[in-house]
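Contents: one structure, followed by commentary.
Here the chain labels run A, B, C and D in written order, and each chain numbers its own residues starting at 1.
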Amino acid sequence: MYQALTVEEAVALIPDGASVMLSGFMGVGTPDRMVAALAAAGKTGLTVIVNDAARPDRGVGPLVKARCLRKFIGSHIGLNPDVQEQMRAGELEVELVPQGTLVERIRAAGVGLGGVLTPTGLGTKVAEGKRVIEVEGKPYLLEPPLAADFALIAARSCDYVGNLTYMLTATNFNPIMALAGRVVIAEPEEIVPVGMIPPDAVKTPGALVDHVIRRVA
Amino acid sequence: MTETGKMDPKELIARRCAAEVKPHTLVNLGIGIPTLVSDHLDEGMGVFFQAENGVVGMGRRPPEGMSDRHLTDAGGSFVSAVPGASTIDSAFSFGLIRGGHLDLTVLGGLQVDGRGFLANWMIPGVYVPGMGGAMDLVTGAKRVIVAMIHAAKDGTPKIVPECTLPLTAERRVDLIVTEMAVIRPEQDGLHLIETAPGVTVGEVRAATGAALIVTGDVPAMDLTRTC
Amino acid sequence: MYQALTVEEAVALIPDGASVMLSGFMGVGTPDRMVAALAAAGKTGLTVIVNDAARPDRGVGPLVKARCLRKFIGSHIGLNPDVQEQMRAGELEVELVPQGTLVERIRAAGVGLGGVLTPTGLGTKVAEGKRVIEVEGKPYLLEPPLAADFALIAARSCDYVGNLTYMLTATNFNPIMALAGRVVIAEPEEIVPVGMIPPDAVKTPGALVDHVIRRVA
Amino acid sequence: MTETGKMDPKELIARRCAAEVKPHTLVNLGIGIPTLVSDHLDEGMGVFFQAENGVVGMGRRPPEGMSDRHLTDAGGSFVSAVPGASTIDSAFSFGLIRGGHLDLTVLGGLQVDGRGFLANWMIPGVYVPGMGGAMDLVTGAKRVIVAMIHAAKDGTPKIVPECTLPLTAERRVDLIVTEMAVIRPEQDGLHLIETAPGVTVGEVRAATGAALIVTGDVPAMDLTRTC
């Protein structure tokens, strides 16, 4: 059972320098209230794990603009000039990871596996410095698990035991990141009474969720 | 012998295990004695029971006529779901287990050894049921409690210097609860931390094949305590 | 769009000696009509991949009793004396796999990964003859992917593009096996018109399903 | 020049690609030219479009006022969903892609080389958008078609003996469709199998950096054909 936190209370849990998973795909399914509050709080030195850099005003954009980030781990930065600029200036370290590898690395951390054996990236720049493991005659890149101190999750609905649902393509990385944050904070669009989400509709069981953000008053 | 000393041994073990369950946690109970643990827990504690077959928030067996063949426990028996329950596929279910999201599992045991290693899935040539989810549970759960009768029916110790039966995992379990004692495996060996009411340290030692470390007085199990 | 098959038509697709994934957990969520029809058809030499041997009259039980199987790959056989007996008589090969490893091996095959790096089984009989891979200082067993010629899936609902839903604990291995069969045959409890299953309720997209079994008349 | 010869080059490429799409398949279209392919397909074909962000059965942009911020394509633009659509998480979405469940992907290209290898995700020092889902798509899809303008704006060939830009994958793509030609990479090199209406084999060769294998007469693209 959760006491829902204000967004400021939640953001206060996250120290400068933390690693933070941020769900969303081009800003769709990103916990925007937490992003705004982190930027407003002037956090610094964060490592963010997120699919893409979205645009300057979307997704992780406001955190980039407010120079909260030390490191960006994701698959795409092409539509956010702020990231390109900070990267070129040496202010922001960028680690590019193929999208399918990124989500499996996060999942591996979340489900207790030692890494990912993927054909993706073999023979490309992505393979540089990485181990290649042969299984049944085929080569695979060994990619390590990827966990984070915090996972910030955008949910459609949440109940007071922390069960989460997502809506359509706002699902994306959310249910996977909810497995892999040492502390999981959910920002739902609505909070409903316990028992209102049918068991088969729950996409993230409440047992994975540590904190829930209060609705906008 | 005290009143509780006359308690059924399995009930005693289940009751003592129940005191290890913390509110608002995710718990998996194995078949046999561990299943009885939930009977000793207050439903208001907010404990969610997970079963390997994919339910988080398993409830008691429903009244006759209210069961559904789509809602069962890991043994295939009808169960109910508590408010706030969720159902997940097997990959997700074992993701919770292996990924360290399960706060506690209580499992039966065939042998536990001086290193705290558990054997509970086969007796070569005699009994080969398969490990089911036991290896993942012992490997992945944050806390593993072995709940078992202290010795075999013929008196042979089940707590031994080194398991002769195939191991379930190389992980040191966190606690052993029997009808005679509570034992905590640590780096330096097995610590006898409680005895059952009316049972002496000497009696526990006599029924145990592995060395037991005793530090000072060993208190009796408190069977009224809950977490 | 599918022409739903009769159970006999579906079973006729499966040759003797095929490898078959069979969903279900103690017979819950098993496609019972297909199991019965396979047994009635007198198939032989099948390799079955299934969580457990259930009981003689449940789950894979009828296939064991009818001696359709050459090999059983699963995690538990303790409640089916027929399996124990055929195993001891050398008539049935049994490969026991930890349950979490079994489902991840199936998933790995289904999602194109080269195998599973799991801590489960390290230092046990399960590790015998297997490679141990160290990642970031921790050892993991390397377990190979597990695919099959056929995956037989028990669904709650299905539409005519093959989208599937499952119900409660009858879900279990179904959505994972639906990824890993070279031919996927779904046995739904009901078939509903296209568009009746909300996108977020679909657990197996129809793109994974090759054949659908007709409702009981 | 024929009527179709005056077609917008991107439209021509999209139309020719559309002829490669088979009914009742699962298809992923990249951004740019590939996106245009769906305009040339009959909605009754039963093709389901997948987008990396987790939709199977993506439909056209909805009418003004009927969009929803929870339903977008991989570029973040509003889309609709066809009857029978499903939505999945990113792990499932890339499971479909990497696991070989995607029948076809049509992607843009910066370079394709004589081995049939594609480079389409970065120009070192100039353009580093990241690979997004491209590496998984090229690695995992059953069939990969590269849809691109034949040469760079300054005339520099994009079809080259060996990619000088970083590869997207070591996989040989299945087809290259440009406004000048259709080229099929095979074990022995690049086969020129069609030319655009009004374009000669010599013109294609002149605009191509890699050797082209020509066997007999090269037919003109049939831009009316559908699968």
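The criterion applied here is as follows: contacts are C-beta pairs under 8 Å (C-beta built on N, C-alpha and C of every residue); 3 or more make two chains touch, one makes a residue touch a chain.
Here the structure is a predicted model, which is why all the values come from computation and not from measurement.
Using the mean of the Cα atoms as each chain's centre, the chain most removed from chain C is D. Work out the mean CA point of chain A and of chain D, and you get 30 Å between them.
For the pair chain A and chain C, the distance between mean C-alpha positions equals 32 Å.
Centre-to-centre separation between chain B and chain D, using Cα means, comes to 56 Å.
Shared interface positions of chain B, defined as residues touching 2 or more other chains, are 55, 81, 87-88, 91, 94, 97-98, 139-140.
Multi-chain contact residues of chain A (touching two or more other chains): 104, 107, 111-113, 118-119, 166-168, 171, 199-200. A list of each chain pair in contact follows: A-B, A-C, A-D, B-C, C-D.
Residues 25-29, 51-52, 54-55, 58, 74-79, 84, 87, 96, 98-101, 103-104, 107, 118-126, 156, 166-176, 203 of chain A touch chain D in their complex.
Within the complex formed with chain A, the chain C residues making contact are 104, 108, 111-119, 133, 135-136, 138, 140, 142, 144-145, 165-168, 171, 199-201. Remark: chain C residues 1, 107, 109-113, 159-161, 163, 179, 194-195, 197, 199-200, 202, 205-208 touch chain D in the complex. Those residues of chain B that touch chain A in the shared complex are 24, 26, 46, 48, 50, 55-57, 81, 83-88, 91, 94-101, 139-140.
Chain D contributes residues 51-55, 68-76, 81, 87-91, 93-94, 97-98, 122, 127-136, 139-140, 166-170 to its touches with chain A in the complex.
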